[in-house]
Each structure stands twice: as structure tokens, then as C-alpha cells.
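Would you mind keeping the following structure in view while I ask a few things?
Chains here go by letter, A, B and C, matching the order in which they are written, and residues are numbered from 1 within each.
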Amino acid sequence: MHGTVKKFAKWQGFLWILPSFLGVMVFYLLPYADVVRRSFLGAVDNRFVGLANYRTIMENPAFLLAVKNTLRFTALCIPLLILLALACAVILYRSKYGGFIKSAFLMPMALPAVSVALVWRLLFHSQGLLNHWLSQFKASEQDWMNTSSAFWILVISYIWKNLGYDIVLWMAGLAGISENIYEAAKVDGAGEWQCFWKITLPNLKPSLYTITVLSFLNSFKVFREAYLVAGDYPHESIYMMQHLFNNWFRSFSFDKMAAAAVTESILLLGLILLLQKAWDGGNEDGRKSI
Amino acid sequence: MKYGILKRGAGILLSAVLILGSLAGCGKTDNGAVGNEGNSQTGEKVEEGGEQALGRFLEEDVTLPIVFSSIYDMRKLEDGTIRIIGKNADDGKETVWDSKDSGVNWEKAFDAPGELQDEENGYIDYAALSLDGQSVWVYNRIAEGGIKPILYLVSSEGSIGQIPFELPAAEQSGQGSAQSFSTNVSADEKEGEEGAGDNVMNRSDVKNLILDICFLGADQIMVTDMTDKIFQISISDGSVKQTYDFNGMEDTHQVFTAGKKMLVVTSTEVLVYDTETGEQQQAEEALQQSVAESGFFHAVDSMDAGESIYYLTGKGLFHYKFGGSVMEQLIDGSMNTLGSPAFYPGALTMIDEQNLLIAANDANSEVGDGMVLLRYTWSKDTPAKPDKELKVYSLYNNRELRQAVSSFQKDHPDVYVNYQVALSEENGTTVSDALKTLTTEIMAGKGPDLILLDGMPVNTYIEKGILKDMSPILADKSNYFENILTAYQDAQGQLCAIPARFMIPAAQGGSANYTPGEDFDTFTAKQGILANTDPEAIVERFWYSCGAAWQKEDKTLDAGKITEFLSKLKNAYGEYDSSAVDEEVYQSISQGGAVNELHKVSLSWGDFDLAFGRIKVSTGLFGRMDYGMMNSVNEKLGGGDYGLMPGQAKQVFVPAMILGISSKAAQPETAEEFAGYLLSSEAQKVSQFGGFPVEKEAFKSVLDGHEYADKERLVGVAGGGSDIDEILDYALIPTPEEEIQKLTNLAESLTTPALQDDVIKAAVVEQGTKVLKGELSPEEGTDAIMQKVNIYLAE
Amino acid sequence: MEEKVFDLKILNLKKAHLGKAVLWGVLALLAAAALYPVFFLVSGSFMGKDELGDCLGAVVSGKEGYADFPLLPGFPTLSHYVEVFLDSPEFFVMFWNSIKITFGVLAGQLAVGTGAAWGFAKYEFPWKRGFFLIYMILMLLPFQVLMLSDYLILDRLALIDHLWGIILPGIFSTFPVFIMYRFFSEIPDSLLESARLDGAREWQLFLYLALPIGSSGIIAAMVLGFLEYWSLIEQPLTFLKEKSLLPLSVFLPDITSVNQSGMAFAASVVTFFPALMVFLGGQDYLEQGIMAGAVKE
């Protein structure tokens, strides 16, 4: 009797999560379980096929290409965005016009994807605005979305859209650093650079985790614009996992799709654990990411 | 801290303002949306309730005594007789017929009196019946100085007198004059009947004409004229009781009467007038809404002197009591012929509350010029909605299928065919989105039973086991072009997809430029042979005749063949000259979207350009033979001929109206039955630009021009292009036997289905267009195509 | 020797000033580039049909030459807005659907998500890390992964073709939990303990401590949620078949025809405007405390 009460008491905190967790169960975990189940079955006939689907996707060039592109994109974009945002945040922080410029950077984030797609189409069309400007400088024109430039357009549009938000996040981190530390350092004769290296950066480290996770999350959203501008089969350099999922979906390849989805979520899990570990390890004060 | 709270408050306030703002802005639409939700919920409840509502109007054909080429009016007279004024299709004479038993037996009442039969000096344009059997006829007398309409009153027994009424001359040739010939013809019909302008007249002769008449009670008539005026005239002395002026109304309108009320109906509203005072009555909200929802009124009748009306729209038959708040749908057009696309009702006669007759022009009827009479009878034991719902799905609207739906439902009152078209001009859905939705629905078990696979990845669907074997429904294939029917047959002899129709990639040109049967190399060696055409359309057309040759054993594409295709096509095309491609035509192509999808690559698209020398060879998909027109073009070219389109693949055909039954179909038997019907001679004979039938008898029937037998007519068609003076004269005559034989042999010789893959096609058309325009070299074009296609094929 | 060092210092200072100016210039340029597409849409929405046809003809209808686009319209007109607001009843229906979806989701997240975030932040229970990990993975999983299974489940619940089919999964999105969790965990435990000692119940802690102190985090989550659900594309296209239920975010008039491109611009601006307002109004909350406390202690 006493045991059960104790057992329950242990779970008391979970009551706060319960309503949310029930919904998550129904709308996310249940579908996810279904996906896992499907990854071991045939596409339409629901025959058990073991790991065959996993083997198929590992040999599937389209899957490998999509994985490669997605990794390449993330590996390039996220550090780039984070560093760029940090640089901007440091410059803008405590400056008079900082707020104004920050708002300007934030604006793209509020732009709906369809509107972005509209602008992109007009800019990067082979007869579009960008080529128009280039032609005035006698530069050679290109069909931007149909060459490997498409990848860089995607990178830029990702940074364009998310820079403002990341700046805001960094500035929040900067705001958290107590002025006293700086003053103490200055008294000790530290220069601006020294302050930055020795005080600012280490103190921003806790923010890095959140910023990385959020930037990572937003990197998936760039697919919307890519899809709206270039359709189901864009240039091979921007052919992402979501394109593949979409196309598999249309052709009833649920077997491959489920296997790829499970693979992707395992990768995600690994990535998050890695991030958490890096973060926890670097935090001497013992604060945990969770 | 205080400042923070203030700011926070401002944030919340802002969102509140946003919500309120949208509430104020959308109050009205919201009501509508909520109403809709409510409706759909009640609808669900009825279905869930399990108890099926009983009672439905069933449709049957009424055998007419003679074949009518048109029916001017139909009425139930006071004594219960049904009277029809119609034009005999055989001799072109107008006669009046009576039926005492609600349409079962008919006897001739009288022929139109002599004055009206004077074909030398004029013609009958309209006639209308009153409840007591009298009729008023509009006779257009052609005389010096133009056409003059005369109104004749014909008594119930057939004696004639003139109504002394002079139509005032039109003060100015209003903008409305051009449209005036087709007030009660919807835009659809105009399109379908472009060749039928047999009484073309010089517009300058026309001063003012009557466009419509109808009775008001027993002693007055409403006359609509070209200047958008409506005269309310006494038939006894021709005096004008009221005049209604609708000049300036942009919409075409039609006039109906019910008791003492006059209804003026446009495509957006119904105006109700009191004919005694001539004043407009208060708008009836429910009626307005009905027009908005179900469209233009085709015909109106009343059984209670105008207290309530029955009216027909494309959505079915409705009943509305004036002053009421709802209209009641009595017949759902989607369950019978009323909803058919080629069906144009002309007259509605309510016999009683449970029986009614509808006279209509059915463009697909087997009978004569297509006038049919349908009777609808209330059957209280039939379920209100048929118990079986057969879901039919296609990406593009298919008129032949729509037609077949009506005929099939007529023979199967227990089946409701729910035909859904995914893409239309209005909704911006893309093929990709539509297919995704289709996939989810099929997987959820809510998908269609029968699928028209045109534009879909047929082979993928077959491989994935989405489609059921259909071979059992075709035990005997001898009546079919088996080469085409079995285009999708697999190694085990299973037929998971069957093309019900087909098109032939063909070319037409003068002997100097084109020899039927020549191969791709010879053809494309002639530099500039395809000049002055739209590059996009050219690539698409030749994609059909070449694509099938590109596929290698392992399903990948042969890059060498594609380079060859692009470079040879570029040679044949020559230099791209943007000014030569008529911009206007180009615009209309790009705006036409899904509906015109096949039209722009059809062979006949190039008729005028070919005949008047703007292009040397016309190419395209050949799916309907208009022999007279084709012959006329060939004659104009001096020894022109048609044949297969030169291409890398040989003997190619393009499967169309490809039928497939979902392996997860809820109604597999009914789907098979319907598929069988679609392949039957009867359904195959319906032809509206959707391709040649695979059934041989129907193939011959749509080719031979039997409808023109014994009545030779010469028709002139003006070009739709830049030059309005270009006119091609051609005869509507039966197709000569040797021509039918030639095309039949051609059809039988076809062996290779065109590569049907929209993803590859899109890549080829996109890059190929750039190659033809000179923006890319053939090699670059090939690389771009291969790059996309390889990803696609690797998936 | 001494002098030289001094000189170098001055040089460095000058360099620094110059460097700052250059940096600011670069930033201003970047900001201008970030804003350009916004200007572009706004100015396009005021251009007449003819002007748009001239400017964009090359892209839209295959005309020769290049598209061209002046920063300001030559002949400003409101006609496209008139078209959007007065002549397209479906636009209003879609606008209203967007409102319903967005605020439905946000209200639900407020009710469900705050509690979960609070629980994760301040309570201990077995496998907490595991649960939170699940939440994070679900947050990062692309929509396409669960598309089919989602559909099947929503279909089972009879939510397909219903706005609730979009709203309910949105309510249980784990993203706001993640954001709000960050804010709640900054509330010092000592504060809670002293409140407990004063006899406060757990729910009182939540209502009177967590919500007010974490409110900027909640608003931040709501602002981000607004942006997310205001421009939702995949879900409505997959789960809603009935056209009258579609939200504004999928309203993209066919810009391949000149006649519609003006309307596309105007519709874009109208869609953008509420998002912008919410964003500008709420941007301060995005940063407040999101991790400020992390270093304060």
C-alpha cells in the first residue's frame, strides 16, 4: 500500500505533462509507431519483409543524394548562420540603431512562404531580375534554379530568413552577461578583444545549444520555398529529404518512405544526444540541458 | 517592470485587435462558412442514421412520334393535354403534336399554317404555347431593307391571324447584337457547335430582332428584343401593356413567366416583376442564392398560377415558393442526364407533382439532331440516394465520361456515380498535389473505385499493385483494336489498365514538305521545316512520337537518343524567331491550363496556319477526324496528305481515357460493370475530342460522318488567328469509304504506346523548349533532362 | 621604442574606427537586402496591370528580354487590393480560416503546452529526460515523415476535411513546450520553495508564479507559433480537400498569367501584414529571458 502511494508520488510531476502527452501520443507517437511498423512491411500489400526496406534505401541513389544534400546544407548553413548572427548581434548590441536594424533583419521571417516563393521566382528566373542586373554589368547570365547555384540560393534564402531571429537570440544571450564582469575585467586592463574572447564567448555558450536546435529546426522549413519555387524535381543540388518523401508518397512507396523516416529519426536522436553531451560537458556549473 | 507589463499588455491588445478586426471584416463570410459546416454535419447524420430516405424521381426516355430537330415549346394545356411545337428533322416543317396520356401516345394536331411555311421569304424563329392551346409564332420575313419579324397568333385548332405589333427599330446597333444569336445557349454549347452556323447572315441587314417570346397568362405575351427591351403585349390587338428596359445590363438574360409574375434571370440574379403594375418586386433572397449556387435557369414552369415555381438548372430541378426562405431540390442533376455536360433543357412541363417532362437538346443523343424528351416519375420505393456509390476520379475533366455517367445511371437506378475531377480552371491545384491527395485517399480506403489514369504514372501504379486486373470484363476482344487495348498488358496477361480511346501522333502537310510515312531522320534533315511554331508545343508533340524509343531495358533513359532528338528537332525547327510566334495565341495557351491540355497539341490546332502557309507542316495528336475540314486543308495545299508523325519510335499511339479499377475499390463489381459500359459500343460512340474509340464499330461510327448523309451543307469557318478574312470552306459530307479504311489500317498498324510519364515529359518539354529557342545546346539540354530524370528514376 | 608603441596604438584606434564604419555599412547593406523582397512585394501590389505586364512579362508570359522592376510603382493603383478585398469572396473565407486555425492552435497551446513546459522545468519524475528527448525529436521531425500515418489517424477520428484536423495536431506540437521550458527553468527554485513554505499549492505556484514570470516566454512561443501556423502549407493541402476550408497561406494565385500577378502581390501583402504586426509587437519577448538567467546565477 505504502509502496503504491510512493510510486504514485514519484509520478506526481508527470501530471503536468499528461494532457500534452496524451495529445502527443495520439497525434504524433501513434502515427510514428505506424511508420515504424510500415518500415518492415511491403508498400501496399502489407507483407512482412524484415529489413529489406532498409537495405533498399541504403542502395537507393536518390536517397543517398537526398541525405548528402541535406547533410551538406545543414553542415554549411547552421554554422554560417550562427556565426553571422553572432557577429551582427555583437555589433548591434548596445548600439543606438541596433533595434531598428534588428527589426529589418527580422522582417523576412514574417513573410509567408508563398510570398517568398513569388519573389524568388521573379528574381532567379532565367529572364528574371538578377540576370537583368547582371547583364548590365556584362556578367554572364544563368538559369539560377537549374544550375548548382540553386544550392547557394537556398543557403542564402535560409540565412536571409533566419538571421534576424538568431540575432535576437544572441542578443538575449548578451543581455544576460552581467556588466560587472566586464567592468572588473576592464579594471584589470583587458582590451575589447580580450573581453570578447574571455568573457563574452564563454558566457554565450549556454545560448549556443538553444540557438543550434532552433536553427536546425528552421533549416527544415526552407524546403517549403524550394518546393514552391522549383517543384518536385529541382536541381539535384537542392534535392532534399522532403522532396524524396513527397515523391515517394505520390508513387505509393510507403515502404521506402517509412524506412527512410525511421533512419532519419535515429540520426536526429544521435544528433540531439551529441549536442546535449557537448553542452553538458562544457558546463562546469552543472546545469543540464534537461 | 511596469514598462514591461505595459508592453506585454500592448502585445495582447494587438492580437485582440487583430481578432476583432477580422471578425468585423469577415462577419458575413463566416456565417456562410458556419452554415456550410452545419449542412455537412446534418448530411453526415442522415447517412449515419442507417435509415435510408426513400423516394426519388426516376428518368426515362419518351419516344417521340417523329424526329424533331428542335422543339420550340411544350405545355400542359388546361384540359391535361401535353402539346409540343416542334420542327420535323426530316422535312424541316413545323408541326404541333398532342398527347392525351402524358406523353405515351402522340397525335399530330396540325401542321404550321401556310403563312408560316413560306420558306422562300423567311423562316420561323420562335413559337410559344399558352395554357389554352393557342400559340404565338415569330416569323422572320426577309425582305428589301432587312429582316422583319412578324408575330402570328395560331388558335388551338390551327387557324392563323397576325398580331398587329411592330417591333421598334433598334436605335443604335448596340453592343449586344453579336451575342444575341445565342441567348439561351450556354458558352459550352457554342464551343461544341462551332461548325453549325448554317444561317449566317449579314449583320447590317438586321435592324431589330425578337430574341425570345413567352406567354403571360392566356392573352398576353412577353417579347424580348435585341436592344434588351421586353414588351408585354396583348395578343388580341398587339397593344403594348408594359415595356421593361434592360439596356446596359451586361449579363445575358432570359425571361420566364409564372402566373402574373415575370422573372428575368441572368447568370447571377433573378429579378421578379409584377406584370400588372410593371414594377419590380422585392428581391427574393433565397432565389438569388439559388442562382448563385446552382446557376442559370434553363426552364421554368408553375402549377399554381405563379405562387411557386419549378425550375431547371445544371444542378437539377428545384421548387421554390415565393416569399419562402428555402428552395427545395427535387431532382439532383448529378444522378441523371440533367447534370450531363452536353444537355441543354429547353422546356419543362410539370404534369403533376410526381410527373414531369423535359424537352432538351442532348448533343450526344443518337437521335437526329439531338432533341430528346425525358419523363421523370416519382418513385416512392426507390432510395432517395442510390444505395451504391461508385466513385470515379480523373485529373482532367473528361466529357465522354461525364456523358457515360448519365447514361449508365439511367440504366442502373441503384447506382450513384460520383465523378470527381481533380484539376479545373478555377482551382490552382497542381498535378502533384492532386496525386498526393489521391494516394492518401486510396490508402485510407476512401479512394475512387474507377480511375481515369490519364496524366498519372500508370506503370508505377500497376507495379505497386494499386490496380486490379480487368481482363475478365473483356472476354471477347475481337471487336476492338487489340493492339491498343492491350497497351498495358503484363507478362501474365493481366490487364490492369485499359485505354478506352487513343490518339495518333500525326503530321499533315503539302507533298513538297511532307510525305506520309517518312522517318525522323529524313524529316528533320529538312532545315526549318517546323519553323514559325510555338517551340514548347513542338517539343511536346514530338515527345509523343519519340519518347518511347528512349527507354532502355533497365528503364533508364538513353542520353544519346535524347541528344539526337534535341539536335535533330532543333535543325528542323531552325532559328527561333520570337516575333513569328503569335503572342496572343501563346497567351491563350498558357492561360488555358488543364482544360486545353490536349487541345494545344491536337493536329487540328494547326489547320489554319497550315492552310494559309504560315507553317509548312502541321503536327499533333490526331484523335478526331473532321473529314471535311481536313480535306479542305489538303486541297488548299494542293496535294496535301496526312500520316504518322515522324519520330524515333515507330507506329506510336497515345493511350487516352485509360481505365483502371482500384484494388482497394469499395464497389469492385459496379466499377467493372461501368468500365465494361465505357468500353461498349454505345458509350464509345460518344465522341467529344477525347480520342478515337478502341471499339471498331464505334470507331467507324465517329469517323464516317453518317450524320451528314443526304443533306449536304457547305460551311465556311473563319480563322481564329490574326487574320479574320481567312475563311476555309468545307463540306459536311459523309467520309468516303477509302478514307475510313485508310485510317482503320493506320490504327491497326500501331504497336508502340507513347511513353506516358509526366515527370519525364515535363523535364523534356522544359529543357527542349530552351534548346529550340537556342538558349541551350542539345547536349546541355540532355544533361539537364538526364539530371532530373535520373533522380526520378532512382527513387 | 616607447613612442613606436604609442604610434601603433593610435593607428590601431584609427583602424578600429574605420573598421566600425565599414562594419556598419555592411550591416546596413545586409539589412537593405533583407528588406528588398518586402519592398518588392509592396510596390508590386500597387502597380497597375500594364506596368506589371511590362515589368514581369519576360518571366510571366515568355516575352523576350528581362524582367525589370522599379523600386516604386510608376502609376500607383489600388486596383489589386480592390480585387482581393471586394472581388474575391474566397479570399475572405481563406483569411477567416487562417484566423481560426492560428488562434485555435495558439489557444490550445496556451492551455496544454504551458503546463507541460512547467512540468518539465520544475518537477522530477521517472524518465523525464527520455520524455523530453521524445518531445525534441518530434519537434524536429519533418511533416512528410508522418504524413500518411497522420492522415490515417485523422481519418479514423473523422477529422479529415475539418479545421480541427489541422488545429488539434497543432495544439499538441512540442515546439512551444521546448521554448516555454527554457523560460520556466530560469525561475529560481528558491522562489518556489519559499512560496511552498508559505503554504502555496502547486497549481497556485503555476498560476501566480510561473505564468506571470514566464509570460515573456509564453508570448515568445505564441509569436513563433503565430508565424508557423499563419503560413502553414503542407498540412492544409494534405488534410483539407474542401476548398472552402483552405487557409490563406496556400492562396497563391497563378502568377504565370499577367492578369493575376498583381493580385498575387496584393494577396501576399495582405497575408504578410498581420504576421508583421504580431511579429513587431512581439519581437521584444522573443529575446527577453530566453536564456538570460542562464548566466545570471
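By our rule, contacts are C-beta pairs under 8 Å (C-beta built on N, C-alpha and C of every residue); 3 or more make two chains touch, one makes a residue touch a chain.
This structure is a prediction, so every number in the text was calculated from the model and none was measured.
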Inset, instruction - Return the chain whose centre of C-alpha atoms lies at maximal distance from the corresponding centre of chain B. - result: A
Legend entry - Busiest interface, counted in C-beta pairs: A-C
Legend entry - Centre distance in Å when chain A and chain C are each reduced to the mean of their C-alpha atoms: 14
Legend entry - Interchain centroid distance [CA atoms averaged], chain B/chain C, Å: 45
Inset, instruction - Give, as an integer number of Å, the spacing between the C-alpha centres of chain B and chain A. - result: 50
Legend entry - Numbers and ranges of chain B residues touching at least 2 other chains: 436, 443
Legend entry - Contacts with two or more other chains, residues of chain A listed in rising order: 246, 249, 254
Inset, instruction - Among the residues of chain C, pick out those that touch two or more other chains and give their numbers. - result: 147-148, 152, 252, 278, 288
Legend entry - Sites on chain B touched by chain C in the complex: 4, 7-8, 10-11, 14-15, 18-19, 22, 25-26, 28-30, 32-33, 36, 427-428, 433, 436-437, 440, 443-444, 446, 578, 583, 586-587, 590-591, 593
Legend entry - Touching residues (chain side chain A, partner chain B) in the complex: 43-45, 60-62, 65, 126, 143, 146, 231-233, 235-236, 239, 244, 246-254
Inset, instruction - Would you pull the chain B residues touching chain A in the complex into a rising list? - result: 432, 435-436, 439, 442-443, 457, 460-461, 464-466, 663, 759, 762-763, 770, 775, 784, 787-788, 790-792, 794-795
Inset, instruction - Please name which positions on chain C make contact with chain B in the complex. - result: 61-64, 89, 92-93, 95-97, 99, 103, 147-148, 151-152, 155, 160, 215-216, 219, 222, 237-238, 241, 243-244, 252-254, 256-257, 259, 274, 277-278, 281-282, 284-285, 288
Legend entry - Residue numbers on chain A that touch chain C, as the complex places them: 10-17, 19-21, 23-24, 26-32, 34-35, 38, 88, 91-92, 101-119, 121-123, 125, 127-129, 131-132, 135, 160, 163-165, 168-169, 171-173, 175-178, 203, 206-207, 210, 213, 216-217, 220, 223-224, 228, 241-242, 245-246, 249, 254, 257, 261, 264-265, 268-269, 272-273, 285, 287, 290
